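Please go over the structures that come below.
The two complexes that follow have subunit A in common; it is paired with subunit B in the first and with subunit C in the second.
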Partner chain A sequence: MNLKLVWLIVAGAGLVWAVVASTGTPPPDALREMFSGAFGSPQGWRETLKESTPLLVLGASVFLALKAGLFNIGADGQFVVGGLAAAVVGLRVTGPGGVVLGTLAACLAGSAWALLPGWIKAYRGGHEVITTIMMNNVGRLATTALAAGVLRAPGQQNAETPLLDASTTLPNVVQDGAFRLNWAFFIGLVAVVVTALFFSRTVAGFETAATGSNSRASLFAGIDVRRTTLAAMLVSGAVAGLAGALQVFAVKHQFNADFSPGYGFDALGVALLAAGQAWFVIPSALLFGALARGTSALSIMGVPKGLNGVLLGLVVLVFAAVRYRKEAANG
Partner chain B sequence: MDAVTQNFGSVRALDSVGLEVQKGTVHALLGENGAGKTTLMRVLYGALQPQSGKVFLDGVETTLRSPAEALRHGIGMVSQHYAIIPELTALDNLMLGAEGGAILDRKAARARAQSLADSMGFQFDWDAAAAELGPAGAQKLEILKLLWREVDVMILDEPTAMLSPEDADALYASLRGLADQGRTVIVVTHRLSEVTAHCDHVTILRQGKNVTDFPVGAKSQHETAELIVGKALSPSAARSCRPGEVLLETVRLDVRGDRGDVAVRQVDLGLRAGEVVGVAGVDGSGQRELVQALLGVRPVLSGAIRLVGSDITRSSARQRIALGLRGIPEDRHEEGVIDDHDLVTNATLGHQRLAAFRRGPVLDRAASRALAGKVATMFETKHSHLGQKMKELSGGNQQRFVNARALAHEAKVLVAFQPVRGLDIEATRRVYAALGEFADQGGAALVVSFDLDELLEFCDRIVVMHSGHLASPPTGHERDRTMIGAMMVGTA
Partner chain C sequence: MASPALQLLTSTAIFSAPLVLGGLGALTSERSGVINIGIEGKMLFAAWAAALGGWASGNPIVGLLAAVLAATVISQAHWALTQAFRIDHVISGMGLNAIAAGATSMLNKSVLSRFAGTRAAALPLPFFWVGAVLATVAVAYVLNQTRGGLRLSAVGHDPEKARQVGLKPVAVRFRALLATGLLAGLAGSLLVSNAGGFTDNMTSGRGYIALAAVILGGWRPWPTLAACVLFGFADALQLQLQGTGLWGAALPPEAWQCLPYVATLVALMAKWGGTKAPAGLGRF
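Moving on, here comes the complex of A and B:
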């Protein structure tokens, strides 16, 4: 049994090895470079934590929905509309008030983007995967159109809004040489902690997890399954919107057409890797962040950046094989 | 089978068990929950590899490494959970997995299916979705699936648990037909009256050991029951029932079934404090819809439901729970428990909004744990610790847990659907004793069962459901088995 597990991990490592080798770089050098790129320098740490921040929050968002039995593929779209809402508010209301209001607006926008899929799922039985994918497309295209149109910065060719006033941003907690750590990272940690406590301590969390695991039994236990489903989707959307706001106020200081490089989709991997334990979203997001940073460091050695996606995919695959093998063995 | 031993971790589920079954007989395998019946059968059809022991088929030692291999040797099993895909037609379900080639020949298949069904005296609408089969139909389809695969040794686990007395008799008649053709049938069951009436030979397992084998008729039912539990049976205490005020009442209740038909028609029910009332009836007579409407998970079409004086016709399940209504759902797997959650969570399930188990929006985990401990001990649910996942418990132990949960906290009225399904004699007595005690302390219980003998033995009063209508037996025939049986099929 355990031997099989070892083989699985060896096979996974072998695949990683083969993928890296296929790029023409000797794998040991590449892996060393990746590791030192992510953790070997203050800049490395800075970038790793910066990449991990949206993954933490979006990981919490997807995790929440997953616990309720919903596969929220729409986190990316909710993230993008949240980012746009935050930027729009932040451009009109300056100062810390703008950050707070912008964050609220982002949460509402994320929720609004999840409303239709949540309602269709809860009251009409339509599958959330299909509807959230649709909402992703609408969200991406609509926000790009706005950023290229009415919201475009004066005199700019690219589809992007003006930059926020420096007072309307989230400050760094630590700024030491090349190292920076923004408050957004801690807000991300808090989001995960709150998610974990919600499920382990609250009645609403209990009912949400029950609904996700067995909706029929939940019905007999006096749980309003439809309302719980809709609420879970709305909260998941709000958290994804929060991630968008953090990205605007801490990193981008504006909204632009390439706002998300696919964070919402990476977050699916983050949440899956957490395997039902909210706390595991933290190491899982850090791993994804480090891989993203490590592979972009590798690009200096001539390795294409797309390697990141391949490696993440392999991590999730090997993990899924391990996890579901266990479940199959349990019957 | 000879000297079969099976350990699960440190637990010895089978201890050098031998079993000899004659070709062409109907052989009953009896024993309490956890005696090793199902484990032994899983070894026989290849789902488990025993640590030691051998299987002989027609005198030849045979190794069965998987159910597929067992099937090739002509051994097949119908388990308690039917393996039927509801969306497929009856014919497609029959063929599934044994299509006999890459290209389907439905015409030939239908002809073969029809001749198999004819030989058994079954009737099927081959093109109808399997979802429309009742439990009896599903059971028959499962048997046909084994015949389709040319099985010689057929194992049936609790085949009559969901069937009415007539359907059960019909089933045994067809099993007898199979035995007469030279096939062998092994039945795992708890119903001794069936064994006496329909089987040839009996083997009793107790605590993983083969206690005794004997031909049917060599021992009385009472002796058999004592051999199963390993001690003298406690006499079922006769209860003196003194009905009090009406706790649960329905007035001209109409409820729709899943197919839009009116499944419960004009039902007037009055359940009084101190009563354990049994609802007899053939499966599909509206019991399911009645129970679901009472528990608040199925809308009421017209009429009213009152619980302890308040009108709950439109109340949510949560409000009903708060008023003291508890349920034991029909399908404990789908409706009663959450397999992936631990015993603490499962004990709390349904109670989570009650004041005793939370402080404001926060769960009171100590209270949940205390409740789980109480639930697990009430009917001696076998478990290793409260953090154990529900799916690691055997079906019987899950049922004990669900039954105990319903009675554990501030229950006033209990609505139960087959609460002793799959439970052994001793556990059945314990559960009904607890129901009696619950009633004596001012509670009231409504119990739906398809086993009329069980209701006659344990309930204070019996009402009968037939095609959606609820009726009481006429005065003087309150416990008349023949009369009630006739009412069940609508010929009274």
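Moving on, here comes the complex of A and C:
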């Protein structure tokens, strides 16, 4: 623990205190309310786990890219187009087959949305942060136009598709009073486990991580760095698309214009917090899920939801200050 | 009613000016080696402060000063995070953007909501248009003709060699980020002048577009201005073309709104300016 870090934490806490106090709620009350909102009741747990599910999968997606040295800010756009693809297929093919086909379509759509940024990064040297942000904007606009246009539910004013048939959804595993847990959560856990095994057990995983940690050395070692970069981006996009499919089949049962409240950015935080260890995506997704649920419980007390962004940013900064300082000292 | 051509020209000026000011702000820090994805958050905080200053005092100068002060504080916080804490530049920039978006949204509800329905005092738009051009002249002059500017470029190009000839990269970057704060403050103040107040996330990604313009402009001031005007023109064009179809087919407004983003992607694909990045970006 060094003095600079203490300063950073004090400044961060001061900032949170100030913005919360400005809304008229005493900060200690707000903290208590946040905690009990996320963990204090069966509904709280239900919502926390529900918020954590897309973060688990998107966390795995961003983590994959990060290991390859890529900031996939585009997970948000890939998630949204994946969700749209899943809804479109699910509306035409009913039953479990529709869920499977819709999920595949979502993975393809997510991958397609990552193709251009991946290619520009690998073969044109354009920074993926800029290109993925552009793709996010295009994805949001394109899906909104479709949901408001040809795909809009008959007689509906808002930009949303019709609801999926009940047979074309993912069921709950547990349904106990107010508590519910959907299969999607376990699929998310599997996604993280597969990601972890990919990096620890496969040659491709090793090559991906090598490219991310030192692309020049990897090139000299005979790794096709450009292909690996593109492949990592495509797989990351497919996983983000999977998250979109899960959100459609488990939670929303349709696609609508406000499909993502910014999960992609939260996922960046999740992946950074995992610090290179895929398993840590699980606790960090739970943390950010709890933060999201806690701040939405708090918004009932008149504290705006913007608090979530402030806390997210601070957690990322403090954590990055601890971790990346070490890396700078090493290299 | 003004002619369509004149209207297009005016809205091009309206849309490009914040990009030019924000882009130059990003440019000064990037040329010194600090990746400035955080320009979005700086502009947003500046806009919030400009609205607060303009509303609370009724004096446009106070609004402008408040915006510059706020952007400077965030900009120097970014300096501290990247130079003192040595956090990865992209991560710290994204972190600052998340904090800025969340905090300004909260402070908008808690502090600014009482002013709803009135216009915040702000300097007129032509002031910023002239300012954007003058700022380009100034940044180009300082970067290319003055000792300080050459030092800044040297640090951004190779911090290690710069250190060997006696420059202090951390100190040079501190001054570079002061310029970033000033320019981002002007950009935020301009947004308020244009909108008449503050709305949540009112920068809506303009910081990222400005950064894309810097990349397209090869990290040089005049080409950056040209890229910003190109994006501003795409934006003005989409506004003008809304409701117009293409080859007889009706197009949704979103199709035109995609124009600036698609233009950015095409430009990056074509690799305009892509090879002229300061070699020391993100390094110590």
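Assume the second predicted complex is superposed on the first by the 304 of 331 C-alpha atoms of A that agree within 3 Å, B and C clash if a C-alpha of one lies under 4 Å from a C-alpha of the other, contacts with A are read in each partner's own complex, and residues count from 1 in each chain.
Please note the rule applied: a contact is a pair of C-beta atoms (placed from the backbone, for glycine too) under 8 Å apart; a residue touches a chain by one contact, two chains touch by 3 or more.
Computed from a prediction, not measured in an experiment: that's the story for all the values here.
Chemist: Using the touch definition from the top, say if A:312 reaches subunit B (first), subunit C (second), both or neither.
Modeler: Only subunit C is touched by A:312; subunit B is not.
Chemist: Which chain, subunit B or subunit C, ends up touching more residues of subunit A in the combined arrangement?
Modeler: Tallying touched residues of subunit A, the top partner is C.
Chemist: A:10 contacts which: subunit B (first), subunit C (second), both, neither?
Modeler: In the superposition, A:10 touches no partner, neither subunit B nor subunit C.
Chemist: Touching A:190, do we find subunit B (first), subunit C (second), both, or neither?
Modeler: A:190 sits against neither subunit B nor subunit C.
Chemist: After lining up the shared chain so the two structures overlap, which partner does A:202 touch, if you call subunit B first and subunit C second: first, second, both or neither?
Modeler: After superposition on chain A, A:202 lies in contact with subunit B alone.
Chemist: Would you please give the residues of subunit A that touch subunit B in one complex and also touch subunit C in the other complex?
Modeler: Comparing the two interfaces on subunit A, one with subunit B and one with subunit C, no residues are shared.
Chemist: For a test of understanding, state which residues of subunit B touch subunit A in their complex under the given definition.
Modeler: 295-297, 316-321, 327, 329, 334-341, 345, 348-350, 352-353, 358, 361-363, 365, 391
Chemist: Show me the residue ranges of subunit C that touch subunit A in the complex, using the header's touch definition.
Modeler: 37, 81, 84-88, 90-92, 94-107, 109-111, 200, 205, 208, 211-212, 215, 252-255, 257-258, 261-262, 264-265, 268-269, 271, 274-275, 284
Chemist: Considering only the defined contacts, which subunit A positions touch subunit B in the complex?
Modeler: Those in contact with subunit B are residues 201-204, 206-207, 209-210, 213-214, 216-224, 330-331.
Chemist: Contact residues on subunit A for subunit C in the complex?
Modeler: For subunit A paired with subunit C, touching residues are 4-5, 8, 15, 19-20, 22-24, 71, 73, 116, 120, 124-127, 129-131, 133-135, 137-138, 141-142, 144-145, 148-149, 265, 268-269, 272, 303-314, 316-317, 320-321, 324-325, 328.
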